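In order of appearance the chains are A, B, C, D and E, and numbering begins at 1 in each one.
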Amino acid sequence: MYRLELTKRAVKVGLPPGTLIHVGEKKLAEPEIWLILYNETTVEEIKVSKIENDLKLEEGRNIWVHVAGVHDSQIISQIGEIFKLHPLILEDIMNTGQRPKIEEMGEYIFLVLRYLDYDEVTKEIISEQIALLLGPNYVISFEESLTPVFHPVKERLRQGKGRLRYSGPDYLAYALIDAIVDRYFIVLEKLGERIEIIEEELVERPEKETLNEIHRLKNATLNLRRSVWPLREVISWLGRTGSPLIKEVTAVFLRDVYDHTVQVIDTTETFRDILSGMLDIYLSSLSHRMNEVIKVLTIIATIFIPITFIAGVYGMNFEYMPELKWRWGYFGSLFIMLICALSMIYYFRRKKWL
Amino acid sequence: MYRLELTKRAVKVGLPPGTLIHVGEKKLAEPEIWLILYNETTVEEIKVSKIENDLKLEEGRNIWVHVAGVHDSQIISQIGEIFKLHPLILEDIMNTGQRPKIEEMGEYIFLVLRYLDYDEVTKEIISEQIALLLGPNYVISFEESLTPVFHPVKERLRQGKGRLRYSGPDYLAYALIDAIVDRYFIVLEKLGERIEIIEEELVERPEKETLNEIHRLKNATLNLRRSVWPLREVISWLGRTGSPLIKEVTAVFLRDVYDHTVQVIDTTETFRDILSGMLDIYLSSLSHRMNEVIKVLTIIATIFIPITFIAGVYGMNFEYMPELKWRWGYFGSLFIMLICALSMIYYFRRKKWL
Amino acid sequence: MYRLELTKRAVKVGLPPGTLIHVGEKKLAEPEIWLILYNETTVEEIKVSKIENDLKLEEGRNIWVHVAGVHDSQIISQIGEIFKLHPLILEDIMNTGQRPKIEEMGEYIFLVLRYLDYDEVTKEIISEQIALLLGPNYVISFEESLTPVFHPVKERLRQGKGRLRYSGPDYLAYALIDAIVDRYFIVLEKLGERIEIIEEELVERPEKETLNEIHRLKNATLNLRRSVWPLREVISWLGRTGSPLIKEVTAVFLRDVYDHTVQVIDTTETFRDILSGMLDIYLSSLSHRMNEVIKVLTIIATIFIPITFIAGVYGMNFEYMPELKWRWGYFGSLFIMLICALSMIYYFRRKKWL
Amino acid sequence: MYRLELTKRAVKVGLPPGTLIHVGEKKLAEPEIWLILYNETTVEEIKVSKIENDLKLEEGRNIWVHVAGVHDSQIISQIGEIFKLHPLILEDIMNTGQRPKIEEMGEYIFLVLRYLDYDEVTKEIISEQIALLLGPNYVISFEESLTPVFHPVKERLRQGKGRLRYSGPDYLAYALIDAIVDRYFIVLEKLGERIEIIEEELVERPEKETLNEIHRLKNATLNLRRSVWPLREVISWLGRTGSPLIKEVTAVFLRDVYDHTVQVIDTTETFRDILSGMLDIYLSSLSHRMNEVIKVLTIIATIFIPITFIAGVYGMNFEYMPELKWRWGYFGSLFIMLICALSMIYYFRRKKWL
Amino acid sequence: MYRLELTKRAVKVGLPPGTLIHVGEKKLAEPEIWLILYNETTVEEIKVSKIENDLKLEEGRNIWVHVAGVHDSQIISQIGEIFKLHPLILEDIMNTGQRPKIEEMGEYIFLVLRYLDYDEVTKEIISEQIALLLGPNYVISFEESLTPVFHPVKERLRQGKGRLRYSGPDYLAYALIDAIVDRYFIVLEKLGERIEIIEEELVERPEKETLNEIHRLKNATLNLRRSVWPLREVISWLGRTGSPLIKEVTAVFLRDVYDHTVQVIDTTETFRDILSGMLDIYLSSLSHRMNEVIKVLTIIATIFIPITFIAGVYGMNFEYMPELKWRWGYFGSLFIMLICALSMIYYFRRKKWL
């Protein structure tokens, strides 16, 4: 769970800042690394197992380095050396479980984002950290496991469709952020479906399980929220920063992805409101049912208790009980019981309990 | 439902930004397009099935292009070419289910607004997207289906009443926004009527259905809210922007429509407060009724259980039971039962249960 | 009710802005108009049935025009012509049910305020709109019906007490605003009295009616709130505006009335908190009573059910039941029942139910 | 109660601003006035019954005028004349029940503060208004009754300890504010004790009285809050104002008292949170107890109802009932009843109700 | 408890500001003092029992003075003399139980921070005050008892690892703050574990104890919150202050520790949300169980009450009861009872109660 990842940071207590220790669950056996070198006309894609020190950062070609798996401190520190990254940035990359943030480091911009997925089996949000580095001619992306989130971008880069190839690394960074935000819509759609299913269950037959699922969904929206609210700030800041790394033409695209995050927040808040409303309905339908059960008990008891008493009276063994000898005593007593029961039923009718 | 539209965006995941795909429900079989060319003295109204590339944007005449139905990417992209619109703007037009927003694009201003209606059958808010483009001598409006929202404006333009004809396109844009906000008052009025009806039901006879309707109304106010809050910002921004597209004389009208949105927000928040209060009343009246039911049960049971016990005692078959032989045993036992019952009734009276 | 007035605006849907139609309930058969011309030495008071076009705005005399009843569009438009008011301002005057606001129009300042009263019969807040226009040498006030709110100001003007006569129209406007805010203290006092009465009822004997009154009071504080919060902003703005219409010496008085509105807000919020607390007490006292009722039922049932069973056993008609023949069988069985009952009572005592 | 004082302002409705009428409860029969003239070397303390017009404001001596009892408009207006105070300031002094505020009047600074005490008998917060005037060489303080709040300051002034004597009147004003804020800690301590006592009661034996006390304490924290939040702003403003009346060296002390108010706010909010939590515990323990009561009823009823039925069957008087003649019929029936009862008990055990 | 410490300040009421009295619990018998003098090449560590007036503040060496135990006013005032500290700062050091704050005093910066620990026995947060003074070549730290929080920093200083030795005292101050914030992650981890355990208990078997623990954890998160929110402001302010005491190179590290506090806040808020959700689940599961208990009672009662009545009827002793003489009367009556019971069971089945 997300919150466990957050608290995992406790293993680093006492170590000097900048110490490279992986904080979080190890999700891949071996890190995978891709290098994609591209310009307007060419794309070269290389899969390597380790970064070479003599990484060719040629003139006129942008490079996208993608690292899946951040538990290997050697790879991270090597990248740090090549691209001259601050030790705290390297620490942040390995310290998964952070909230989205942005650091402007002069020569490069560092972004922490979160990849989200909805696990339909455990009905929980899966949350992984994605770190992005945007430099003058490079983009470096780090993810914890092999998620499909950047596949469409890679595909578009390969095929040369859209403006991806002839725009700079800032546009690539935008495209990656956009891909991450797009995932959120998928998560929202899945949550929306679950909410709709539960809404129907709630009307038909509220179970204790329904309540648990409402709470699980509420926790899921909480997780979503905690990823998207800071993300909104990050993107807003990215759009407004005067850094030369972000070209003016990309800013309008960043504003677009900003609108998307606002939309995600908006829908998330709506989901929260709907789920709160569902909780209210659930609790009041519990009360309703208890009311009904008690009403049945009351009606049965109230009708039969008095007439059982009458039967009890004539079951007494006193020697002198004149009614017992009457010719119509038995039927008379039955008749009285009937009157009693009917008057009770009439009373309940008038009270609209029946 | 609105939230489903919001999550429908998931179909676009992985596509490059600017791809023209209609996101949302297709609400019209064929798009309808009107062109209205007007100046202070003349009005010309043309209904076309497709936009011609050689659309006459004459000097001295303003044009209002109205497109109902935004699922046809060909029409949208053709308009984009004629008026030189940014691809992201075109994408936004086709991507229904967005929240109100404003984009100042230099040569034109782009607005996303929402048309709302209250469906009295399903008791839900119907929400459609309306996109507005305000250029130096044109206004382009897009709606999802054939709503009546702009009819009064068109009528006023035809009849030349008011300042619509001799004011610029900024005043026309204002008139369209005003028409949209006016619809909200109709929605509010309908919601207000429903609330009043339910308020009476609540006092007379709270049913489970009442609770569901309270929640449906609460969701409706939620929807309303989510359309109006960002709208307020949009209009405020529109009034304050220094864009030459908005003349000074129109600003005072924008401030007026701003006041209307504030009034809509105010009423919406009041409705929410009232509905929350109704929920409290509903729940406590449930408790009240349960109390009453249990009280009836308790009174009946408490009166009859002890005297049934007495009857049971004298129904025992012991050979040596002296009371059974007494001359007044039977009537004595009845008298004791009466005393028991009366003392119970007295007790309840004192406790103010009866 | 206030909210109905708010939604009444729906009748204007589709009309061009600036159309003079009265929105709201017509509260007076005929509008009444007073003109009060005053300077440091003289006061002239004229009651007219319609405004003459040649209204004497003499040099050296300030004029206060007071119009009660705003449903007659002719009177309003005539005033508009004489004082050269913007059509939207005239529309706002006739459009009752607006929230407090301020419009600085250059030559004059326009204020919408709300008169409040607490109707002790319906136990609801009565809310009417008051519009104020402050010009260089005039004040125009509009109210919906004949309220007593401005009587003290008129009286002071007649008697020439205080600084009213020799201060400008800005001080008169301040005096009117102050008179309106003073009314709020009366409303607060009445609400405070009701709250205290209900607080006592709540402790002694909570009824369903109590709950309804708590909710009516809560709605009343809601109404109050919605009038006072925007009023605070209006007055704050009025004090800070650099308009030459407001003299420096009046600003300190405006700050004073600002403090009063803050005090009204403060008390209103306290009332809301107290009413929320009362709701909690009410609900928990409902639970308490249900607890008590169920306890009585349980005690009675638990004592008598087992001993009734014993009586039932010895009421069986088996031929071979040795106890029935015992000399002390009957008294023994009674003794056992007594023991049963006493041990139950002991058990309840130990549980502190008795 | 505080809120009553607030609403008492209603008596002034209709009077011109600046009218000196005492608003609030008269808490002293006769006002008491002290004059303390001091400089670095001398202290002179005079108790007078009325202020003389020829009040000696000598060069080189600071004066502290302290007035206990603000209902005598003559004294207040005389002070106003001597120190040339604005009529609205005088009105504010007599108008008790205001929230803390600050008015910078050029030649002097006016402060409204609140003295708080916790009445252990009525368990309510006592709140009185304290007004302070800080001039170039004087401090005037007004209180409603004879509270002990300024005694320590007077004592320190007499003894010449600390920097009080050789600092200016701004330091004296600071010392008075500090003395007021110090009182809040005493109130907090008393509230904290009550909360701890109730917390224990809640665990051991929740009574209806407990609920009432929780609410009384909640209202007390509300009162505290409403005095301290505006106070924080007042002190913050006092520290930041560039007024020559506040020397730079005093600013650091004001920042210290500011920290104390923040601490009071912090503790107050914590108390509120704790009290809310206690309310939740109280309500859920009510539910718990009801659960338990119903469980006892259910167990007893469920065990005995079936076996009473069996006894009832064999109490029937049919002529042909073979069991009645069986040798072991009676004991057999008793055995069946035992089985019934035991199986019920087993069922409850399995359900963990026993 | 924390709140008691806060209110302990009441002992100082009436004393002049700057009086050195220890406010809080005395947690150490004797204060312990370490002096650590270090530069890039050497480290000297001295443990003293009292500070000498001739404390060697040599050129070229930084000094870290650490004082554990702040109840001895002599030591504090001596340090105050040596380092020329403002009396209010000394008072703050001895006044434990303050919230985190920062004071920029020109020649030095004063920080109040809080050390937190989670006591697994009492299940409460332990909170102690830590005061830091950052001067041009010294850092002075004060803690209430001997906590392990600064041990890792001391160890790193001794071993000369990292940049601690050759960076200035501002880096040392950062390292101490970082060490404090790191402790919060440990507290969060322990809270997270407790929450997980309770979450499981809640699903399996909710007890009254569970509720109490939820509330204790809620109070713990409240405490955490109140320490971390102001800490965030403190660190943010420290990073932005233009004080020459903080070098530019340290600012990036402060931003890092700022991110950590944000993360702590984030997790704390999540814990609060989760605990609130758990409370809801707890309460609704209480309702659920009550429902179930009442259902069992109702089913048993409703099945047996009617048939017991039938048995009662045939137990009556009327002389003329024809059924009693019928050959199959007994079995017939049993058969009718069976039908009754079965129809009731069928009814419950249809209602889905069984």
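General observations
Keep in mind that, in the parts below, a residue touches a chain if its C-beta (ideal position, glycine included) is under 8 Å from a C-beta of that chain, and two chains touch if they have at least 3 such contacts.
Quick caveat: nothing in here was measured; it's all calculated off a predicted structure.
Chains touching both chain C and chain E: D. Matching the C-alpha atoms of chain A with those of chain D calls for a turn of 145 degrees, to the nearest 5.
Comparing the contact residues of chain A and chain B by number shows a mostly separate set, under half of all numbers used being common to the two copies. Rounded to whole angstrom, the centroid-to-centroid distance between chain B and chain C, based on C-alpha atoms, equals 26 Å. With centres defined as mean CA coordinates, chain D is found 42 Å away from chain B.
Of all residues in chain A, those that touch two or more other chains are 287, 290, 294, 297, 301, 305, 308, 312, 315-317, 321.
Contacts from chain C toward chain B in the complex involve residues 2-4, 6-10, 12-18, 86, 88, 91-92, 98-99, 101, 103, 205, 208, 211-212, 215, 218-219, 222, 226, 279, 282-283, 286-287, 289-290, 293-294, 296-297, 300-301, 304-305, 307-308, 311-312, 314-317, 321, 323-330, 333-334, 337.
The part of chain D that touches chain E in the complex is made up of residues 151-152, 156, 161-164, 175, 178-179, 182-183, 185-186, 188-189, 192, 203, 252-253, 255-256, 259-260, 262-263, 266-267, 270-271, 273-274, 277, 280-281, 284-285, 287-288, 290-291, 294-295, 297-298, 301-302, 305-306, 308-309, 312-313, 315-321, 352-353.
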